[in-house]
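Two complexes are shown next, each including subunit A; its partner changes from subunit B in the first to subunit C in the second.
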Partner chain A sequence: MKGRPLLYTSYEADQGLLNTTSKKVMLGLFLLVLVTIPFQVIPGLQFLGQADWLRLLSTTAIFAIGALGLNILTGLAGQVSLGHAFFMGVGAYTAVWLGGPEDGPLLGLGLPIWIWLPAAGIVAALIGVAVGPTAVRVRGLYLAIVTLGLVFIGDYLFRNWASLTGGAQVGRDFPPLEFRWWKEEVPVIDFTTPSTWFGLEVSGIAKTFFLLALLAGVYTLLAKNLQRTRVGRAFMSIRDRDIAAEIMGVNEFAYKLLAFGISSFYAGIAGALLASFLTRVIPEQWNLFLSVQFIAIILIGGAGTVTGALLGSAFVVLLPRIVQNFTLWLQSLALEGEGLLGAIANVFIATSQTDFGLINTMAGVGPGLSVAQLNLVLYGLLIIGFLIFEPLGLFGIWLRIRNYWKGWPFTY
Partner chain B sequence: MITGLVVLAQATADGNAFAQMLVGGISFGAIYALLAMGFVIIFKATSVINFAHGALTGLGAFLVVAFATVLDFPGRFLTSFPEWAQWTANVLTAFAVAALFGVLIERVFLRPMVGEALFAVAIVTLGIDIVVRTITNDFIGTQPRPVGAPWGLNVIDLGWVIIAWSEVIQIVVTVVLLVAIAMFLRTRTGVAMRATAFDQETARAQGVNVGRVFSVAWAIGAFLAAVAGLFYSVFPRRATGVDQATAFIAFRAFPAVIIGGLDSIPGAVVGGFAVGIAESAANTYLGFEFLGNGFPGIVGYLLMMVVLLIRPYGLFGTPEIRRV
Partner chain C sequence: MSGKLLERRAERSGPKDYDHLLDVTDIHLAFKGVKAIAGVSFHVDDGELFAIIGPNGAGKTSLFNVVNQVYEPQQGDVRWKGESLMGLKPNETAERGIARTFQNIALFPHMTVIENLLTGRHVRMRSSWLAGSVWLGKAKREEIENREIVEDIIDFLEIEQWRKYPVGLLPYGIQKRVELGRALAMDPELLMLDEPVAGMNLEETEDMARFILDVQDELGIAIILVEHDMGLVMDIADRILVVDFGKPIAEGTPSSVQKNPNVVKAYLGEEVETV
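Then we have the complex of A and B:
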């Protein structure tokens, strides 16, 4: 089919992962950028190699895994769940039970990562399937509140099971990202301390970033493939019209349960990785806000699309940092800037205790929102804004750009 | 407040613990009933699952603080009246402003979403919750703000049970509001609201101003949330006043809605009192040593799970009719 690159003659070709040249090129470039980020070689993107940005990018990778899971449940199967944080907590505490120190005061078996990471996913999935029947029985909007209940019940359990979780407001340390075959003294690969890989100096955070990016890549591929199989199509048919799906022979109950299981598996893995990455986590971490963040990710990214889940994670994780930088910039303008720009910035920033401004960079002093509060408000407004103006999310915006250039210069 | 708690604790220990538990449960249940009822009215009229109900509660409670203690409006112009009347006037003004905020929120954020998937609209309300709650919390600040209720910490000691004045007032107000809403649903606007709840498009075709019904429903919802916010912030609930956690009370009222059935106003009332009494019973009979910290907070959700296992649409909810 030379010269007709968009003509597909088979279903396989149409469903291919990399069915156009531009997809291949872009994926290649993306991977190249990912690999070179910590070495700060690409001009213009060097700042991403700094330790704090690498931390943000690693968090993005973890959130992407969690978001891919919620995307399967909410985006593909159409079941609104606010219980994602609960399953992440289950994963995290499974991980720490298996991977935590044996001789410590809290529960722990000292097992290596290749046991506790998959186990975190599997236990979360089993619990997801166990609570599934209650959740699957209720429909639509009732489900959102049932899963909301899961978060509160989980919060209660995590706070009170002090021998496992460390107790309310105290928390405990989680097993670090280290690879051991069994319980050796020195780990085979340590993903948190600097070392030399293939003759290159790699910092600890860079190694963490590589590991998490690799895991995110694997789970992205799995999610993408799931979407293209019989199971994925069954999920989508349930989402679009459940009775019609049942009439066509899709076992609604079984597939909803399966969606719950897979989504919880992803959540468990993401929870274990997040806890391990943050090293110390209090039980209150797994709260409703975390669930809402994941809902926000898939809505801002574009529900039902794998690319959207990735874009949304990057957006939601990097947003606080961008807002912070923006506020600092506004502040410097307000304090030092002259003329119109300084005056405009002054309206928004409270520069002293008595000054009025929408944003206050000194938290708790004087009127105005702190940077953290501004972040929250922007989160909320973005969720609202995307749902009202761009229901397809960032992926929808990307689609429009792509379709514009596809026909360029004959865009009519 | 401390003495009040000691008196209550003594009554619980040596008096009629069951009666005391029931009083606490009913007065707490009244708060839940008010919240659940507002939630159901909004859901019935506009088909919106309102996750921002907590934010409305926090906002309403803060407005009460602002009007009653900070602004003293319109009380400062009513100097010839007794103090409690001034306070009542302030609080009623605050309720009216809270209702206006409800109308405003619906108008700005939810009107553009009419006709969209219910799930998408529900998530919009989550966004509204974050925005409104954050801004309200910034105004509330880090310290609790007392609402300055004129009845203070006074209690009525009947010997076998001790009732706080605020509980009496609260139960009376709740009953009055329940009757008022039952009567309102029989007025012209109320009938229009019920018609809209039944079928928005048909109601519109019959000449019902659906937009106005939406506004009225949100005004009532926000008003009831503000009343609940006030009663949650007085003795013997949280006598320190309104703080950043006040809004979370609505999350404990959600099970009440589901237990009663999402679209049933009587159900919301029954569910509210059921959750209130269940929490109070858990507080009285299931000790801290046995079940740990914060168990009453999840009693409602456990009750909800049990009810849903038996009746997936709640006690009084209408089963959804599924068509291909």
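Then we have the complex of A and C:
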């Protein structure tokens, strides 16, 4: 229908995921950028192709998978869970048990990725469904506390089960991202060492990035589809009004349990990928702070929206780096100390032990916050800010921009 | 009304092997010391418009909750086509074909009108979370088929212009209509309407009355109506049950109920009898 982009002639077209031209164009551009990032060809975005930025983007992809899972439980079904880190840990240790070296001192079966990765999700989901019945009997803050308990049980378990986890503060190496059919000496595809693909030089981290981005893409599609079909609507109906949902025929208990299971599956996959990506992980990694980070992702991105989970992941993972770069820039201004800008920067930055400043760029000396502490403060401020001013998160801001241009130049 | 919902009426009109569609006998429901319902019995037949009236606090909504199995009565039985509903979960009563609207609107405010109605279709759909996630074959077909049924209902209730709005943003009268639509989407054989015209102006009330009569006539769905608008009840009900303080005080056609002295007493009070 030329010139009438919103005229649909079939329900299939109306219910499609990419039901407008602009959505198609934007997704296409986004994918193009993703594919070309490691080759540093797009002017202005070349810095993203550097190894450290590719590491951040890979982490974003992993966090996005975890966040999509929490979004199903918290965003769709409305059950606030602080137990996400526990299920990620379960996934990671399932992966290492199945995929770790057979002949090492620690538990390991030496199986390939196509076994340990799905298994990580499935075991986490099974444990989620097993502990679910106690958890889904309570709501809201009470559920948050019950799931908080899970994190501490997990923390104790992981620290003390040394034959699997390597022990407290020690940790162990996780199976690398490489594809084998079975236990061959040389992997079929190794995602961590450089090689030539289709005549192009691809670095190890670039290959990792492609793999993780692809996985994140697949899970995004699955999550989006789930949300727009029967089960997703059942989740949302429980979130919005649980009694009415039951009278409409939604089995509240079964669906809460299902949400728990699916969410734990995503968490397990994300945990296994994160551990594998970081190569060495200590048991203390799977702590409350990780869970809180995921809550922050959901709230900052926009609860209940798939796009929000992705935006939130990018935001939370990239924020520390951006803050760091910003602080370094302020520091350079303050050290030069010339003009108004330098003076303003000097107020914020402590440049010497005796200098007063909000942010201290020298490790551990003098007043002020370190960059890491500043990040924590910013997380807190951002969560509070979004809850009060923009409950729909980054997605809400995007909606507002979109709606403004939809009607432009009219106000509505 | 067109399409699938009418086909369902034809399917339902076969021979029956039960006395009454819904048979409620001798319900006693108490919350601690408060006796909400004390010995109410009634029955509803196929395609009948049965009204329950009574002063505030008479136990009308509690009766709905007993039929839905949200409340478990201490005594009594609810039979659906001869089968006892006692001990089932609310969602199981929904699967059997009992739909309901609420006195204080209980739509899902963050979902659009279409999504709300599709949630009503939940009991009539089958696809699992896995099939839905993959969006292939059967699951996709099912979504689109049910969208068509939902569009029929949207058409019937004349809410086309609102279909993509989150219902939380809609005016009250429209929300009431959407709620009726969500109940209809469940493809029920019994529709329980809890004060469908509460807080509506005359025009909206007349619209709603028309919809209720259409549901009864065209779709052949039996209706239990709880309502305080006496004009509406007397005009459209086939039979009326009057309850007061949880007890039944009269039952019969609108005209007989109006003349019943017990009803007059319950609504208007009585003179103090002197000995």
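Just so it is clear, the second predicted complex is superposed on the first by the 399 of 412 C-alpha atoms of A that agree within 3 Å, B and C clash if a C-alpha of one lies under 4 Å from a C-alpha of the other, contacts with A are read in each partner's own complex, and residues count from 1 in each chain.
As a working rule, contacts are C-beta pairs under 8 Å (C-beta built on N, C-alpha and C of every residue); 3 or more make two chains touch, one makes a residue touch a chain.
Quick caveat, the model's predicted, so the values are computed rather than measured.
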item: Simultaneous placement of subunit C and subunit B on subunit A, clash or fit; value: fit
item: Computed vertex angle (subunit A) for partners subunit B and subunit C, CA, steps of 10°; value: 80
item: Touched partner set for A:229, first subunit B, second subunit C, both or neither; value: second
item: Touch count on subunit A, higher of subunit B and subunit C; value: B
item: Partner chain in contact with A:384 - subunit B first, subunit C second, else both or neither; value: first
item: Which of subunit B and subunit C A:160 touches, first, second, both or neither; value: first
item: First, second, both or neither for A:129, with subunit B first and subunit C second; value: neither
item: Touching partner for A:241 - first (subunit B), second (subunit C), both, neither; value: both
item: Subunit B versus subunit C as contact partner of A:106, first or second or both or neither; value: neither
item: First (subunit B), second (subunit C), both or neither touched by A:318; value: neither
item: Minimum C-alpha spacing, chains overlaid - subunit B and subunit C, in Å; value: 6
item: Where subunit A meets both subunit C and subunit B, residue numbers; value: 241, 243-244, 247
item: Residue ranges of subunit A in contact with subunit C within the complex; value: 11-12, 15, 222-223, 225-226, 228-234, 236-237, 239-241, 243-252, 258, 262, 304
item: Complex contact set, residues of subunit A against subunit B; value: 78, 80, 134, 137-142, 144-146, 148-149, 152-153, 155-156, 159-160, 168, 241-244, 247, 288, 292, 295-296, 299, 364, 368-370, 373, 376-377, 379-384, 387-388, 391
item: Complex interface listing, subunit C residues touching subunit A; value: 68, 70, 89-91, 93-95, 100, 102, 106-111, 115, 118-123, 125, 127-129, 131-135, 139-140, 142-144, 147-148, 151, 182, 186
item: Complex interface listing, subunit B residues touching subunit A; value: 49, 109, 112-113, 116, 118-124, 126-131, 134-135, 137-138, 142, 251, 254-255, 257-258, 262, 291-295, 297-298, 301-302, 304-305, 308-309, 312-314, 320, 322-324
